[in-house]
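In what comes next, chain A is part of two complexes: it sits with chain B in the first one and with chain C in the second one.
On to the complex of A and B.
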């Protein structure tokens, strides 16, 4: 039997076909990963059962899944804004860390003796999130400015600035902001400065609602507003956009600020909702995985949100599976990566169909 | 001619793309040694498909090809060239920093007889060049050659590889009238030497001037093959389009004639690597079409983009109805009443991945905005207006603009610009690549705008178009305006000489 790819007359666009192909990709990815279970004489069936059960079918676990998905979503939304405007930004990791740093800075100022020590906790949180978003926006805005004004390479600059942010946080938690103790981390913020948990019995914090709200706002901006239209036009074809009187450079600057702001906000939310202190290794690739969720979500807001939850579930469920079965975490990471690759590969099936042809028997 | 040897016989050639597109429907096409055949047809008639099948780029769905009496089917162009079939595309395939000889030797796996090394090859090039009057120096670098010379290098390349059948795709699109004459001279020599030549074209006067026979295609079918001497332009157009056409232009005498646009000592930014050009002075009045003739790439686009604000003026001023607009942005100039139909409608004039409605928003997004949000119902009404008024053939305004045919997309771009009632309308290459039916409509609309009092600046490389539409004609050469001639004084020789770089006072008697 042979198979070949044949171009479809019209590409598949219906939601159901996308869901079906995505499910197929997940199943194939899990089947491939299942092979890796065999040397450990572990049952893939049980492993995956524990993965999915923990990630999506236990209240506490699903709470964790949504907590993990929160920053992924926001980085994903930022990716949509920047990339659709033609600004291929890879610096979300840096923005997220800088936002976390900014948020922590405000929180530390609210400790006893700080300048914000007499401010109401809710206001401190609000200032902290706003300051985190601002710093994230400026961090990305600097990359945008270097690209737009001097023609710098946005990819290279953003990646280098990621390192700058990573080591800046390392420096702060190891030096100036370090709390007495074994770990390089800052003092823990008092409980009244934590984002409230919104579902009892889970760790799901109010930051998730902020992420959902930001998704709605970004959707309105991109799909309904003039600014969004002009950003999308700038990204699709800068020459046409300029011809249409759109100030491409200004729109790209705005997109950079929005994208960086979202990532910075995500960073501050992670501090106030999850860790409650600044520590080394805080982000660990969230700024990159968020880009992947946007790609998996085909650059749409709902798609990105769903992809973020699925990816969050894989992480949470994978950790649980590792704890329960004792399998090395590398297996889980391989399964994750295979699923992502296969999901991206289904893109081909939207425009092509697989044709099986059997050799004719006489 | 009819008793000459049949070099090529294509029989019942059918080509389908997918299930629905029938690009060639049982085409018969013969070619004899020593004749020039014009392959005439509108866009989408199937001319290119047929030639690409012959050249080995496509495989026919059905039908057979006999070349020199042997049944053949070429897998790829390399095989076609080996058998003596050569094609010259509109874009030349030459390596600019290399010399003519280097370009000719490049890619030849087996060197032609008599060209064992670069020296003998140079000798051979000189011989062929002299024999056919090509006047090509084998040691000249391509980048130093004019467009007409480069085309002759392409011809030389085919002759060097012993091509017996030459296919030329729209060969005169980039040439001045003088260069066109020189090309026809070369083609005549090739014909008398026994070569067979196919010219793919839709320009009627060229068909009449050079061809022995005309093969007319329409909608994938070969509708007629006639001897040129026994036909007329009008008959050929009727065969090509399937109906009578009215390309006559109905102009009313303009009123007012106030100055609409004035360029004073306008210094246009030179292209990278090009030398600075003298400043431009120009007055454009309401109710007139000022044509800018010139070979492509002589500064027309740069001038118009500067007027539109896409390029910054180095010095000098641009005035719209007495108001200086030199420092306004493009969107401000649009709001002030300037519209622009760019030459590259797919790459610049439209956002081809977006809908017709989105494209109607382009350029006036502010007017469709309320409280920061786009008012889609307003945009829909505007889009439906453009579709109705200009007869854009589309299912609805949601349709992706890039899937429109060239003619319909141009109607959309022109319609959008015109629907904003511009005081000054800048138009470049409005009918490039359009078929005759669409040309009729576009020309009609340009004149309609003029008659209603708009000031139209029309840059085109098609002299026919310039002569048909303009009240006055300016000629540009290397960024400089060589002179402005009123329409009744303009003749092809005068304009042609100016297009080749001579000042008006040198050529006018």
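On to the complex of A and C.
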């Protein structure tokens, strides 16, 4: 018995087939991960029960899932704009950190003695989010400019700029912004500067609504506006787009600014909704995982939103599973990674089918 | 508890009643341990995990999270608190200000961080911190090094250049010179916890100046110091964990942090209702720090029974406050 991949005449595009394949991928990932439970005498059944139950069927847990999904969604939406415009940007981690830094900068200015100390808290939060988004946009815009003007490689430049952002934040929290007598982190922002929690009994903050709103705006821009059409056309084939009268360079600049702005906003929201202070290691790979959720969501806004919530659930549920089973954290991470890998691999099954055949004797 | 004294305790009566009646039996007490590193690190985190396993054996309902990054710590801690764990233990300096900030939101649960209380915040009555008494411990090791020495000097290799390391270095030197007339105490603060080469170099420098016993207050740098000193024939004293394996025949003893004991003791306080937060718990030196040499306390080939008795006498005086390091 052997199997091979055979190209389908027409790719599977129906929603049900995608759901069915995704569920299958998750189940296979869980089954494979379950084998790793056995040496630790932990029950995979109980583990997965706590993973799914905590992430999606408990009010508080689902709140955490949506909180985790919020920055992933925004980075995912940014990925859609940039990548569909042909700007393969990998610098969301840096934009997120720069946005978080910008947001914190405003918040620290609103503390006693600061220039914004007499400003209404709601206005401070609004300024902070706007400033975070602006700095994120400029950070990505710089990469876009270097690519468009000088033909620089956006992948390399963006990756290197991620390091710049990481070390800039490290410097600030260990140096000038460090809270006296404590770890490398800034002072905690007062409670009236926190984004409000929108569902009682959970930590779901108003930033989630901002993420949803930004998704709607991006969907309208990409699917219903001339700008969106021109961006997508620029990404599909820049030469023919130029031939059609589209100013590809301008559209790519705009895409860079929007993508970076979304990631910067996500960073500022993380500060005001979750951490309430700037600290080292804040982004923890969110800028990259957001790209993965956009890919899992097949570069569509609803798909990315769903993939972000699923990934958020996997992360929150994974923590719960570790607490429940006492497994080493590495096993939980392996299970999470296996599920994501298999989900990405299902893309092949949309265009190919598996064919089993018996070995023929010659 | 007869062997510890509480200091700066600002316990409110209400909290005492709430915590006192929260649970009285081990089986009803749930304990969560949050670790910044791996349970298999053989040192700081592994010790606390051992304590948690011992609690499990005693019937406590326990859970843990390991390798939790600084950015994830608040979510993980709040996850346990929201799950209703009676005691949440944060193992390390990372939990200092966090517990002071969030414990008020969970007035019926207890929080214990194995670090000093943050200086700039008021500590809620359900958060407890621990004073490891590093300077007192260093004084004890200075005295032991002096008692072990047959030469004209002893030395300590310090890690990160911070007030704690500086204080320990001074206390070591003070104790060494006070314990044996004419003996010289050396201290080199390398400024780095994770540079074995620097530790080796510092130990060699002091041995070159006549030191024959080397102690350290650094992690990886300290391992370098032990290896450097032992390879040159000097006697060594380990620190933080049981380090006999690094130099079995040159090691006098290792002063290991009793993280397992701390975790167990605080859980028992919560179980029997005697938990008192609001400040720093100051356990006896002999509880926080355990001299270990394999399965015993010291290497009888290097330290005579008489010498050990002299050390224990000084150790007890430091513990009771009769001897107070000047630094």
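Throughout what follows, the second predicted complex is superposed on the first by the 357 of 362 C-alpha atoms of A that agree within 3 Å, B and C clash if a C-alpha of one lies under 4 Å from a C-alpha of the other, contacts with A are read in each partner's own complex, and residues count from 1 in each chain.
By our rule, a contact is a pair of C-beta atoms (placed from the backbone, for glycine too) under 8 Å apart; a residue touches a chain by one contact, two chains touch by 3 or more.
Since the model is a prediction, treat every value here as computed from it, not as a measurement.
In this overlay on chain A, chain B fits alongside chain C without clashing. In the superposition on chain A, contact of A:319 is made with chain C only, not with chain B.
The larger set of touched chain A residues comes from C, when the choice is between chain B and chain C. Of the two partner chains placed by superposition, A:112 touches none, neither chain B nor chain C. When the two structures are aligned on the shared chain, A:233 is found in touch with chain B, with no touch to chain C.
On the chain A superposition, the C-alpha centres give an angle at chain A of 140° between chain B and chain C, rounded to a multiple of 10. Legend: residue contacts after superposition of the two complexes on their common chain; A:41 is shown touching neither chain B nor chain C.
Once the two complexes are overlaid on the shared chain, A:180 sits against chain C while remaining clear of chain B. In the superposition on chain A, A:279 makes contact with chain C only, while chain B stays out of contact range. By the touch criterion defined above, A:243 reaches chain B but does not reach chain C.
Superposition on chain A leaves chain B and chain C with their closest Cα atoms 41 Å from each other. Contacts from chain B toward chain A in the complex involve residues 18-20, 308, 310, 329-334, 340, 342, 347-354, 358, 361-366, 368-369, 372-374.
Residues of chain A that touch chain B in their complex: 9, 220, 224-227, 229-230, 232-233, 236-237, 239-247.
Of all residues in chain C, those touching chain A in their complex are 32, 39, 63-67, 69-72, 74-76, 78-80, 82-83, 93-94, 96-97, 101, 118-120. Put simply, chain A touches chain C in their complex at residues 60, 64, 179-183, 185, 188, 203, 274-275, 279-284, 319-320, 322-324, 326, 328-330.
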